[in-house]
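Each of the two complexes below includes chain A, the first together with chain B, the second together with chain C.
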Partner chain A sequence: MNWLNDEMVDHLREVSTFPDLSRTPYRILRVLGSGGMATVYLAEDTKLSRPVALKVMDSAVSSEDSVSRMQAEAQIIARLEHPGIVPIHDVGTLPDGRVFYAMKFVQGNSLTHYSQKAAAISERLRVFLKICEAVAFAHAHGIIHRDLKPENIMVGAFGEVMVMDWGVAKILPGAEEDVTTLADFDSTGQGASTADDTRLDPSMRPPLKPLVETMSGTVLGTPSYMAPEQALGQTAGHSRLTDVYSLGALLYFLLTHRHPYEGASVQQIRENFREKQLLRPRKSDPTIPKSLEAVCMKAMAFEPPLRYSKVEELATDVELFLSDLPVSAYEENIIEKAGRWLNRYRFIIFLMFAYMLVRFVLYFLGRL
Partner chain B sequence: MSKPLLGLIVGAVLGILDGLTALFYPNTAPLIMGILIGSSLKGLLAGVIIGFFARKIRSVPWGIVFGFGVGLLLAYLVAMRGDPTGHHYYLEIMVPGSIVGMILGFATQRYGKGPKGIGAN
Partner chain C sequence: MMKDSKIGGGLFPTTQVSVIVRLSSDDLALRFQATESMAAVYWKPIYKYIRLKWNKSSEDAKDLTQGFFARAIEKDSFKSYDPSRARFRTFVRTCVDGYVSNEEKAAHRIKRGGDCPVESVDFNSAEMELKLSELPAENTMEDYFYKEWVRSLFSMAVEVLRHEFTAAGKTTQFEVFERYDLNEDRATGEGSYESLARAMEIPVSQITNYLAFARREFRRIVLEKLREITANDDEFRSEARWLLGANLK
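And then the complex of A and B:
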């Protein structure tokens, strides 16, 4: 007799890999996704009866370095209270020492899916501006994301945009003191909620680790969206401009629906970087306005000093484009200026033309 | 500049320009002063009403529709009076009047400051 069908076996197999959350208020419902060092589950917060996204470190990578990285990620998200950054509810450790944290369960599509559906360029640019707002907020708090890519951006049903996965984020030197004063979690993993619910006296908490340490030359992030200095493993060169580059790459993706620097491996991406083989957006789609292409290319400049110096500057240029105003990244000729002016005032020009036409017709009707 | 004030100024200017077109018609040219005063007052009134609407409702399409309605109504009231011979110029006054109302609706929605200094979207 066949007691278990394949579906049940698969389900049991999946359940058997679930972490032990028996001493936490969470109950796992299903796997949402997994990354290099952690798995994200859809779970139910049984105390508050609400769904949460639970990120649990994988047992295979449960080293001291990855524990501190995950804690740092939780701490970074915790202090970035912004509508565009997914809020964290809880952090703790499991009996086996693995770190987990619970965050808001965001329902929506990744930017990859959104971009396939969103038709109007203006709509896509407004989503891009929301991403810029969230990243600029993080930068204002001395934090750089370093892994901005379409899969890490969620777009909700009502147009809300969330920047996710701060796993390789870095706290910039100089921002550490400010951050430490905000620190509400310790760096040993015995934070706000541990599996055995043991809470530390805040005065006993050691200061927050200044940044997610990465070995020199280690490449963290995702190829195609990495800044050249990041892809080439120059950790010392990581700055806000690294995110500016990735935002430019996201803009590239939103405009062309293609990844910049197609390449299967980091090595291949490096080769592409060296040869600077970036297909200009207008080569993929000639309908993309030149000024918008220039904004994208400036943000993705190979040399960091040639990029926008701040995310806000990039966002301003996109806003100017949306308002049919000249952008800083592109020098227009007189025909382009006239075209943009006509486009900007097209409705009022149409009404005035309609008025004159009516007057003209009425004049001749009156003479009949 | 507030939206009602913007509406008032733009309405007055468009009203004068609209009134000046009476010069093209031989029958109405002798009455130009009265037409100019009436037309500019109509523009002023329409501009203020449409400007206040733009202050309350932030929507370019609705602003244009409202402007069309106000322009048409005020132009109808003017056209109703007719000239001294009793001739009515409904078409000549109402059609351009409604377009002027739409221009005012668009301009007050797009430009001018709202109650908290926030422009229209």
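And then the complex of A and C:
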């Protein structure tokens, strides 16, 4: 019997868990990460000689429902063609019945890592705006993410942002106006969106399968970034405002480097919600501007109607802040208005002051 | 190489019946058989553990390892195992500690003869492995025991795989597995399969297919053996998850 050294044992442990991809063009290189439902591998697409991220369902959860969910996730991502949403290349089923899909391999860091680098606040806010753009795009297509958290946001070396992991996304039943890409979807009989897609050939699109689990009131998502209605399991209350809350929580994280509510379990988060134990951002960092804190708190309002009604409104407030303009979430007093005005026009004021100083000096020189 | 194939017939049976249950049988012959099967995986980790944790000489560790299994059969020691309290490998390690401690107190050991299931295993191979490997820190001896347990289990699985593939005429498949997965100097990343394919003069797609097949079989063998040396379904699932990250249906 040959001796297996530590490296061999570790390697065997790893490769023994690899799915059988022998009938696919993919070859696994290593594990990138794993979640509650699937494992993501770095793989090589041997036909096109390019790296891909391969998400393969874990065998333990290969129930009919989870198969539907993975397929629906793949279909959702496929329909959301946006620079901020990772594109999908392929979807398939392994011989053992597990669903997999291949997507673009995104190189970068998660928002958690990005935040640790302590970039300037304006830079962090620009990253936040890109997240908002991607989420707003999904909302415009009737899809809510429901698991926005730092680990699901990738930031590339050049500031490019990708919203990942649409595994618990929900397609809004009866989504109105611009839900044109979600033809043929009937979410467990609660309504259907059958409008035509004006941009894509409908014949090219398979019908979306309903997300059974996401309609059943099960708590899906990550506690610290969940909206109260989500943490409390009120499925009927899930809407775009659920993502608005999570975006507020992401803004909170980007400003403070802390998770909004500390607490490992949903139960603890619920308790924290009840006791309203959210530490205001300025309590952890007094240098955070009041207006920005107000934007964050408005997005994270406990009652959904008190939040921004759309992601675009939240993004607009952040843009206004970046332009030194008043935000809708905060009413400034006269001193704050003056301070912001001075800050906004500081360069012009400086030039005027310099000009007056020169004139003043010249005036006195002329009198000598 | 293992000189003696007495342990579990050299290659363990592929039965999925737990030997842990049979370890507490009233029938001595059945108990011996079950201990033999269990010892196939455990003797080497136990030997190394005694050598390092208890700082015993090679000869003493050999006697103690043999004595441990012989005593277990005689005294029906494994009968007291309660799956709800600990994993079997934890229980075994605790038993080894208790046994060696008692032997030290008694200041004598009875050398076991033909009734010991690890009478003539190749202790030299275990010694050689000890020399090749990095010695663990004193406070990590428990982890060391479990690590050696994994090594022992995997080594057996590789041997079974070799045996099965050879019997089925799949020597090329095993060679691919051996040259890639059992080769610490394997090339990694892009192009790694290509170099092996060139060396073996087979297409890259064959490398992919053979490896996938061999890994799947290796995993099956490991899980079969694991089922055999765990007490019940819960422990089996828990060990499978710990060992392979396998979430079994």
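Everything below uses one rule, namely that the second predicted complex is superposed on the first by the 324 of 368 C-alpha atoms of A that agree within 3 Å, B and C clash if a C-alpha of one lies under 4 Å from a C-alpha of the other, contacts with A are read in each partner's own complex, and residues count from 1 in each chain.
Keep this in mind: a contact is a pair of C-beta atoms (placed from the backbone, for glycine too) under 8 Å apart; a residue touches a chain by one contact, two chains touch by 3 or more.
The shown structure was predicted, so the numbers you read here are calculated from the model rather than taken from an experiment.
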{"item": "Clash-or-fit label for the pair chain B, chain C on chain A", "value": "fit"}
{"item": "Which of chain B and chain C A:Gln277 touches, first, second, both or neither", "value": "neither"}
{"item": "Contacts of A:Asp58 with chain B and chain C, given as first, second, both or neither", "value": "second"}
{"item": "Touching partner for A:Gln107 - first (chain B), second (chain C), both, neither", "value": "neither"}
{"item": "Touched partner set for A:Leu12, first chain B, second chain C, both or neither", "value": "second"}
{"item": "Touched partner set for A:Ser309, first chain B, second chain C, both or neither", "value": "neither"}
{"item": "Touched chain A residues, chain B compared with chain C", "value": "C"}
{"item": "Touching partner for A:Ala354 - first (chain B), second (chain C), both, neither", "value": "first"}
{"item": "First (chain B), second (chain C), both or neither touched by A:Leu29", "value": "second"}
{"item": "First (chain B), second (chain C), both or neither touched by A:Tyr363", "value": "first"}
{"item": "Where chain B and chain C come nearest after superposition, their Cα distance in Å", "value": "42"}
{"item": "Interface residues, chain B side, partner chain A - complex", "value": "21, 24-25, 91-92, 95-96, 99-100, 102-103, 106-107"}
{"item": "Contact footprint of chain B on chain A as seen in their complex", "value": "347-348, 351-352, 354-355, 358-359, 362-363, 365-366"}
{"item": "Residue ranges of chain C in contact with chain A within the complex", "value": "1-2, 125, 128-129, 132-134, 147, 150-151, 154-156, 158-159, 181-182, 184, 188-190, 193, 204-205, 208-209, 211-213, 215-216, 218-219, 222, 243-249"}
{"item": "Of chain A, residues touching chain C in the complex", "value": "1-9, 11-13, 15-18, 20-22, 27, 29, 34, 44, 46, 49, 58-62"}
